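First chain A sits with chain B, and in the next complex the same chain sits with chain C.
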Partner chain A sequence: MGVTCVAQVPVAEGKSVQQTVELLTRKLELLGAEKQGTFCVDCETYHTAASTISSQGQTGKLMYVMHNSEYPLSCFGLFENGPCLIADANFDILMVKLKGFFQNAKANKIESRGTRYQYCDFLVKVGTVTMGPSARGISVEVEYCPCVVANDCWNLLMEFMQSFMGNHTPGIPSVFGTKHDSTYSPGDTMVQYMELFNKIRKQQQVPVAGIR
Partner chain B sequence: MEAPPVTMMPITGGTINMMEYLLQGSILDQSLESLLHRLRGLCDNMEPETFLDHEMVFLLKGQQASPFVLRARRAMDKSGMPWHLRYLGQPEIGDKNRHALVRNCVDIATSDNLTDFLVEMGFRVDHEFMAKGHVFRKGIMKIMVYKIFRILMPGNTESTEPLSLSYLVELNVVAPAGQDIVSDDMRNFAEQLKPLVHLEKIDPKRLM
Partner chain C sequence: MAEGVLSPGVNLEAFSQAIAAIQALRSSVTRVFDCLKDGMRNKETLEGREKGFVAAFQESLHSVSRDLGELERLSNLVGKPSENHPLHNSGLLSLDPVQDKTPLYSQLLQAYKWSNKLQYHAGLASGLLNQQSLKRSANQMGVSAKRRPKAQPTTLVLPPQYVDDVINRIDRMFPEMSIQLSRPNGTSAMLLVTLGKVLKVIVVMRSLFIDRTIVKGYSENVYTEDGKLDIWSKSNYQVFQKVTDHATTALLHYQLPQMPDVVVRSFMTWLRSYIKLFQAPCQRCGKFLQDGLPPTWRDFRTLEAFHDTCRQ
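Right after this comes the complex of A and B.
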């Protein structure tokens, strides 16, 4: 996969989540981007069961299991500041077998769903981030497909993002810092989504009046 | 009628309960060539395939009496292959007529940071070994003839010594649950390998 930047776009003043998403997608369509289906990235949280903690003497840890519609046969396992495992879809079945040791915090399941746009060599995904029934924010994923070395194309990515995100263009993602010249991988995109989802979870819920 | 190859089975609801059917036996080193010769004749025509794998067995201890066991295996002789993570359940207590050992199995291909990830989850290495040998196929059956090597220093896969003067012979099939006809086909195949090797259903519990 090409170098990807995942960012959060704040909801526009006086507008709902849906309206802000429409503003962004309209800007993309005016630029000439073509709709190319939909996407979904989801994240489930597991915590170490109390029984394992007491016998191992370790503190409870949070493990995230994520899926990305761009890689339908894969499953990603992540720990915050820890390794990101890329596995095939059977990893979900293994988590069911590990029920006694890792509990699924079902209420914490968070996902981003939206439309996929292609603009020349860029792939842009604008998604509504939802937790349960409520929309909590907006995610924008921009991928520059031809390049696999993060630091080589950051400037280009930033310039492209400014053309439709304006002031909401993010700074360089923290995963890029550790990459140096190594190849960008889908695991890096999932780490960015995990950080975004964690940030959104901590944020105040969008006031009900804004969700229409 | 043989069960269709596993890859043609429909995936229902995203989960398939796969079972591993297993028969095991062993032969002394000096009988290896004659067994390989017979297998070459009986099995599917393909380039002779050898393998050298490094397997680590991880345990996760909880309050439950028995720890959770996961097996992480990687190919040492082929580059670019994913790591293979395997969960094996308890053997099914079926009727005595069932010819093979049947247990639930989950096979997962993963990226190379598997061991770091398992340790982060709380798993610890219980033991590791190398397996070197030959693999054959007949339809959905996989036949392996391999030698187990003890790793003398943890983490050093270069210095190993054979565990015994014999080769382990395994006949296994991974198929969806409820395909008992598979064990009949396995028994029939095992008959053809007698008297070179006697493949039997060996319950791991009875060895402990």
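Right after this comes the complex of A and C.
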């Protein structure tokens, strides 16, 4: 487990999502990265049930339940700007039992699927983000496995991302800022995915080709 | 060395005498029991029988004590050949009767002599080389050599307490580096050095000489299943495999047979420069990555970071 940066890559001008993904993966393969199977990150949205809002006088908060194929035995529960809970995989069943408090917004299910690449000590996952039947965007996750402190290796990570993402290299993720010298954890990766998925959801109506 | 065990001219004689004495003792003891078993027989009068029995019993007991005295005298002559042997228990190898098939003992002696000679010559050579000071840094060594003119005679037999002291002093010298010392296999120390949140190093020592080092990631497991330090398996990450190679090179570079504590200290100072392994760009090409690896080389003198291929 190392330090991870999750970013969105805009779809290239005049190309489809699939073609842009192929462009990226071809660049990675030219660099010398090796294909290592596939990956999947999914996210389900839960609304706080109407009955609890009225009785406690709070505004409804969204809760996200996420899975990551890199951690197949875990399940992540997150609030926006809130705590990140790492639970066993049967947390999903618990959520079904809590139907009275949290309601699953099925239509909001979003996921990213794609290929996992390894290059030296880097893991790169290029995925297509889909919501329902339609492809919404492209996610790129880059992990530098040997390092455990985010700020130590940010410059190194950025240099690596520049080598295949060019001018679409992202800025420093907001989770890095709050970490200082503490150890990076898988939960931080899930927060980044949650932020990315939220960003993509808001872009719903915009035509895909224009996204930056 | 071997004479004490292999050709004990007088001792061998004493040995055979002692064996004969043991046989005599056994037969006289047997006679005592025979006499007891037979009891009072074959005599006409009761008085005669009792008298004869007591006399025979007394005589056989006397012979037992006489034989025992003789055996004790001989056993002092035989002595204890193997205990005060210079090679301790390995001296027992010389007792192996099939010398031709397993010439372990003679090989052992050869190796011992060879290693002693090597140590001696290395000491002489280092003394000469220090006088010729070719390196700029040799001036410093000259100063410390004057301050402490008495060199350790053979650095392989330093007391464990001294090794502990040296390691403790180094541990206190570098706050970002923690050193854990353990001795799982006898007197040789093993160190687990944790450098910040960057890496862990396993150092296997023989006295104050560093025999082997392995560098692993901060998040990697350094113990085997039974809870001992894992000194054999390498890191899963290429960057730490590379650093392990460089650390082994550093072991060969930092050599000063007469002052092993200086060697350990220099090695640790060099190792400490890896605290910025992921943060320092290469001093030559200015980049962080080359072939997917950060600058893994640290110059032995300046401690500057270079890529493996940029360092020449």
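Some points to look at:
The rule is short, and it goes like this: the second predicted complex is superposed on the first by the 203 of 212 C-alpha atoms of A that agree within 3 Å, B and C clash if a C-alpha of one lies under 4 Å from a C-alpha of the other, contacts with A are read in each partner's own complex, and residues count from 1 in each chain.
Methods note: a contact is a pair of C-beta atoms (placed from the backbone, for glycine too) under 8 Å apart; a residue touches a chain by one contact, two chains touch by 3 or more.
Bear in mind the structure is a predicted one, so any value in this text is a computation, not a measurement.
Of the two partner chains placed by superposition, only chain B is touched by A:100; chain C is not. When both complexes are overlaid on chain A, the residue A:80 reaches neither chain B nor chain C.
In the superposition on chain A, A:88 makes contact with chain B only, not with chain C.
In the superposition on chain A, contact of A:1 is made with chain C only, not with chain B. Of the two partners chain B and chain C, more chain A residues are in touch with B.
Once the two complexes are laid over each other on the shared chain, residue contacts for A:48 go to chain B alone; chain C is not touched. Residue contacts after overlaying the shared chain place A:61 against chain B, while chain C stays out of touching range. In the superposed pair of complexes, A:120 makes contact with chain C only, with no contact to chain B. Residue ranges on chain A touching chain C, taken from their complex, read 1-2, 32, 119-122, 144-149, 152-153, 155-156, 159-160, 163, 181, 183.
Taken in their complex, chain B has these residues touching chain A: 14-15, 60-64, 68, 85, 87, 89, 106-111, 113-114, 116-117, 120-122.
On chain A, the positions that touch chain B within their shared complex are 48-49, 51-52, 54-56, 58, 61, 63, 77, 79, 82-94, 96-98, 100-102, 187. For chain C in complex with chain A, the residues that touch the partner chain are 197-198, 217-219, 237-240, 278-279, 281, 287-289, 291-294.
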